[in-house]
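Same chain, two partners: chain A is paired with chain B first, then with chain C.
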Partner chain A sequence: MFRVILYAQWKWSRLVVTLGTIAAFILPILSVQGASPLPASPMRAGEILTMVQAWGVLYPVLAAALGLLVAIATWAPDHRGRHVHALSLPLPRWRYVLLRFGAGLVLLAAPALAVLAGAVFATRFAAIPSGLQGYPVALAIRFGVAVLVAYAVFFAVSAGTTRTAGVILAAIGGVVVVQVLAGLANIHLDVLTPLQGALLLWPGPLAIFTGRWMLIDV
Partner chain B sequence: MTHAIAIRGLHYRAGRSFEIPNLDLSVPTGSIYGFLGPNGSGKTTTIRLVLGLLRPRAGDIRVLDRPMPHDAPRVLARVGYVPEQPHLDPTLTVREVLRFQGAFYPTWDHAWAEELLVAFDLDEHRLFGKLSKGQKGKVMMLLALAQRPDLLVLDEPTDGLDPVVRRDMLAALLDYVSEHGATVFISSHLVHELERMCDWIGVMDQGRLVTELPMERFKRGIKRLVVSGAPPIGDPTPFSVLSREPNGASSETWLVRGWEPEMQAFFETGGASLQRVIDLDLEEGFVELLRTFRTPRREEVR
Partner chain C sequence: MCRRGHLLLIAALAGPTTLAAQHTAEIRARADSLLREWRQASALAAVQDSLRHAADIAGRDTVRAGALTILVNPSPLPVARAAARAWAQIERFYGTAGEALARQPLVLRAIDPDTAAQQNPGGALPVSWDVSDDVLTGLLVSLADLSGADPALHDWLGGALIPSFDTEPRRAQVYVELVTAPSQAVRGCFRGDRLACRDALSLAGTPDMLTRWYGPDERRFLATVEYGAFLNQGARAPEFRSCAGGSDSACLHLLESLPPGSLRRPLSYAARFSLLQTARALGGAETFHRLFSAPPGPMGARLAAAARVSEDSLVARWRADVLAARPTPVPLPPWGVWVALGWAAVFMSCGLGSSRWRVS
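Coming up: the complex of A and B.
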């Protein structure tokens, strides 16, 4: 069962997974492009760190994009068929959901491994000044976890009906509107900051996306 | 008599517009049960409730002697379902669709699936989404049959298909049923098609089951009678009078249910005269039945 679901899902998400895997491999290499092994172009440690940090912004963006697009592709055939085929299959619904979720995770393992391969390749061939170190495995694990979190969130949202998605969007919109109205009315009410903190700061569920993503660090 | 499908006191409501208020329905095991009704009468909803795709508000549904939707996975492993619209993944080829479906059914018959693929003249390399409506219908029927089900639930499987495709599909269906004694629950508004193949008939309208009986009794029992010197309305009759319409001053046309030839004596003893007994085919019987079912309801509304 898992194999046929994995194959069907691959057909829906192969473009996203392929492009995402290529991007995930290239990103670490590009992030250390200035740290050439040639002695003619030595870069100082500070400049390397600045460049690695600048490129590091793209890791969470790539992880979120991959999670979103693969989650959408995961449910796309069922949404198109209004879930009739899936519901008429002879297996419990929770098991079907797990199979779909697992197949998406297997596909997303490719870009996570590509980050690892690209990061190992980049740190091996870059001239890293003394005092700095490469962290290819840590970066790849963090990228993998970020992809997992993004995929899980968007998988759960897109598993629901259009109505569910509407309720979620309305809730988010409602918070923003309350904040704006409070600002206009000169009422001291800050809803967004605590919400942002709860989501984005540790132990918030999206904390993995924030902070510095450094392939090379002290 | 055992029943492949037994529904008791089913209540389902979809929003404010549609309701199945209290449905009792029984599909005898081994029968080919035609489920007739106009568009929007509740046939597809009933089928989806039977298969556990929708949850009822109240009532009891048993399919192959198991409660639904509680035992849905076990029941669905023994049910071949052809939905009204083909809901398969359009990006898979016919071959991939077969492989996908086969992975879920322990009774899947690979050899027979291959035979049906050839018999239905399907191109295994074509994407399901690129197939014509008739070809999609054939694929759906192939999938339902190749899992060797005990019960086939077919929701307007031949709707919109050309006669050749319809004949191929129904021939394969009848071959399977005659070999395996499976039960078939088939909904359609192609009345003539059901008339040829079904041995039981259920008629649904406005979320209610109008009637349910063996096909022969249905066809034999509904007649149009031309009566002269008709007795007054309200006199007891040995059959059900569905409607009475005057034909000029001297005679009336009666639509009756439960008619038997020996009932002719009713008119003779009452001083009336039965001039003609007109046989109705299933379609005429169906239309008249719905007409008479709806008339008192309209009056109730007024």
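Coming up: the complex of A and C.
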């Protein structure tokens, strides 16, 4: 059963997974493109850190995009077919959902491994100045976990009904509206900052996406 | 005819001299007049400053905590409590040298946070009176700058002397500088050369540090990139091209032609302040008393005397502290992966939650 679901999901999301895997492999290599073994300029170390940090912004973006697109691709055919196929299977819903989730995870392992391969390749062939070190494994682990969290979040949203998604969006919009109205009324009410902290700081659910994503660091 | 010719010749020669003398006298008179005007304007400005200062401090309460003296207008601002807390930190940092703060009272103007009226605090520092105790304490501590009493220390430090014990973030910043600063002295310091550390921290007091701070490639980069816009113009343009073409002597000459003090120092204020903190940690509470009373000389010797260790030991300890504060390369706590996996499980179970198949 798992193989069938995996194959079906591969057919639905192969474009996303293939492009994501290529991007995941290329990204670490691009981030160290200036650190060539050619005669080093005296500013090299600082420049490398700046460049790696600038490219590092794209890792969480790629992780979130992959999680979102694969989660959507996982559930879109079911929603389009009004779940007739799923209901025709001799499976309880929870097991069907687990199979779908597991199949998505297997497909997302490819981009995570591609980041590892690209990062190892990049750090091996880049001229890293003394005092700086490459962290390909730590970066790849972090990327893999970020992809997993993004996938789980969007999977949960996609698995729900349109109404559920509407409620979530309305809740987010409501918080923003309250903040704007409080600002207009000159009331000292800060809703967004604590909410932002709860989401983006450890142990918040989205903390894995924040901070610096450095392939090369001190 | 001949006599008339001589007279004409003499008149012709003397005419310009007389005119020049008259011109010089006129210019001198104008200069004297300008000097008088300038002195008068300066005196008026001083009177104005004095009156403004008197207006600033008029009608203010005086709050004292130790040697910390604060003049502030009546308001709900919790100055007394914050001053007591600030003085505890200041005294712990400066020791008895902190008594010098009694000579430099702080003038604050507490302002209503809800008012939209324009505030005109003059020389007073405006502070919204709804700030928290902690913020006000931090502000008072940051204003307790004693470097003004020691111009050599102020110049060397390149910023305010703030009584701060918060060392770790600053040392982590210095670690990154040691690794990335484009300077041969800094690189040498990172590798363990203490003499290079002294150079990088400008401790020796040598006036010309250019060749000790920066190697030929770094000098070329500084001259052509960092200061390129300033140096590549006018009479210096040919030398600039020569420097860009690889002539180190041209680069050296160009950088030496920069105004005094404008050449970028290889290490930042944070590095020098962290050295000061190391000296304070070694020398104890009386470090600043010894530092301020030390005879003038190179800053390295003064700091070492204040810390009661040799200059070499002071630099070695500073370097060890900085290397120990190496920032976390991948900012992910050890339990971060497990927390993230937990959140993934929570969200996944949300997907399992629905008890029936629904399409809307």
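The definition used in the following text is that the second predicted complex is superposed on the first by the 214 of 218 C-alpha atoms of A that agree within 3 Å, B and C clash if a C-alpha of one lies under 4 Å from a C-alpha of the other, contacts with A are read in each partner's own complex, and residues count from 1 in each chain.
Going forward, a residue touches a chain if its C-beta (ideal position, glycine included) is under 8 Å from a C-beta of that chain, and two chains touch if they have at least 3 such contacts.
All values reported here derive from a predicted model rather than from experimental measurement.
*Asks:* Put chain B and chain C onto chain A via the superposition and say whether they clash or fit.
*Replies:* fit
*Asks:* In the overlay, answer first, second, both or neither for which of chain B and chain C A:4 touches.
*Replies:* Only chain B is touched by A:4; chain C is not.
*Asks:* Could you say whether A:101 touches chain B, chain C, both of them, or neither, answering first, second, both or neither?
*Replies:* Second partner only.
*Asks:* A:203 in the overlay: touching chain B, chain C, both, or neither? Say first, second, both or neither.
*Replies:* So A:203 only meets chain C here.
*Asks:* Can you report the vertex angle at chain A, computed from the C-alpha centres of the three chains with chain B and chain C as the arms, to the nearest 10 degrees?
*Replies:* After superposition on chain A, the angle is 150 degrees.
*Asks:* Which partner chains sit in contact with A:82 here, chain B, chain C, both or neither? Use first/second/both/neither.
*Replies:* both
*Asks:* In the overlay, answer first, second, both or neither for which of chain B and chain C A:217 touches.
*Replies:* Touch status of A:217: second partner only.
*Asks:* Just to confirm the geometry: in the superposition, how small does the C-alpha gap between chain B and chain C get, in angstrom?
*Replies:* Across the overlay, chain B reaches chain C at a minimum of 6 Å between C-alpha atoms.
*Asks:* I'd like to check the shared interface: which positions of chain A are touched by both chain B and chain C across the two complexes?
*Replies:* After superposing on chain A, chain A residues 82, 87 contact both chain B and chain C.
*Asks:* What residues on chain A touch chain C, complex-wise?
*Replies:* Per the touch definition, chain A meets chain C at residues 41-43, 45-46, 49, 79, 82-83, 86-87, 93-94, 97-98, 101, 129-133, 135, 138-139, 141-142, 145-146, 148-149, 151-153, 155-156, 158-163, 186, 202-203, 205, 207-208, 211-212, 214, 217-218.
*Asks:* Looking at the complex, which residues from chain A come into contact with chain B?
*Replies:* Chain A residues touching chain B: 1, 3-5, 7-8, 11-12, 77, 80-82, 84-85, 87-92.
*Asks:* Considering only the defined contacts, which chain B positions touch chain A in the complex?
*Replies:* Residues 51-53, 72-77, 81, 83, 85, 87-92, 96, 99-100, 103-105.
*Asks:* Under the touch definition given earlier, write down the residues of chain C that touch chain A in their complex.
*Replies:* Going by the criterion above, the answer is residues 114, 175-176, 178-182, 187, 190-191, 215, 217-218, 221, 326-327, 329-333, 336-337, 339-341, 343-348, 350-352, 354-360.
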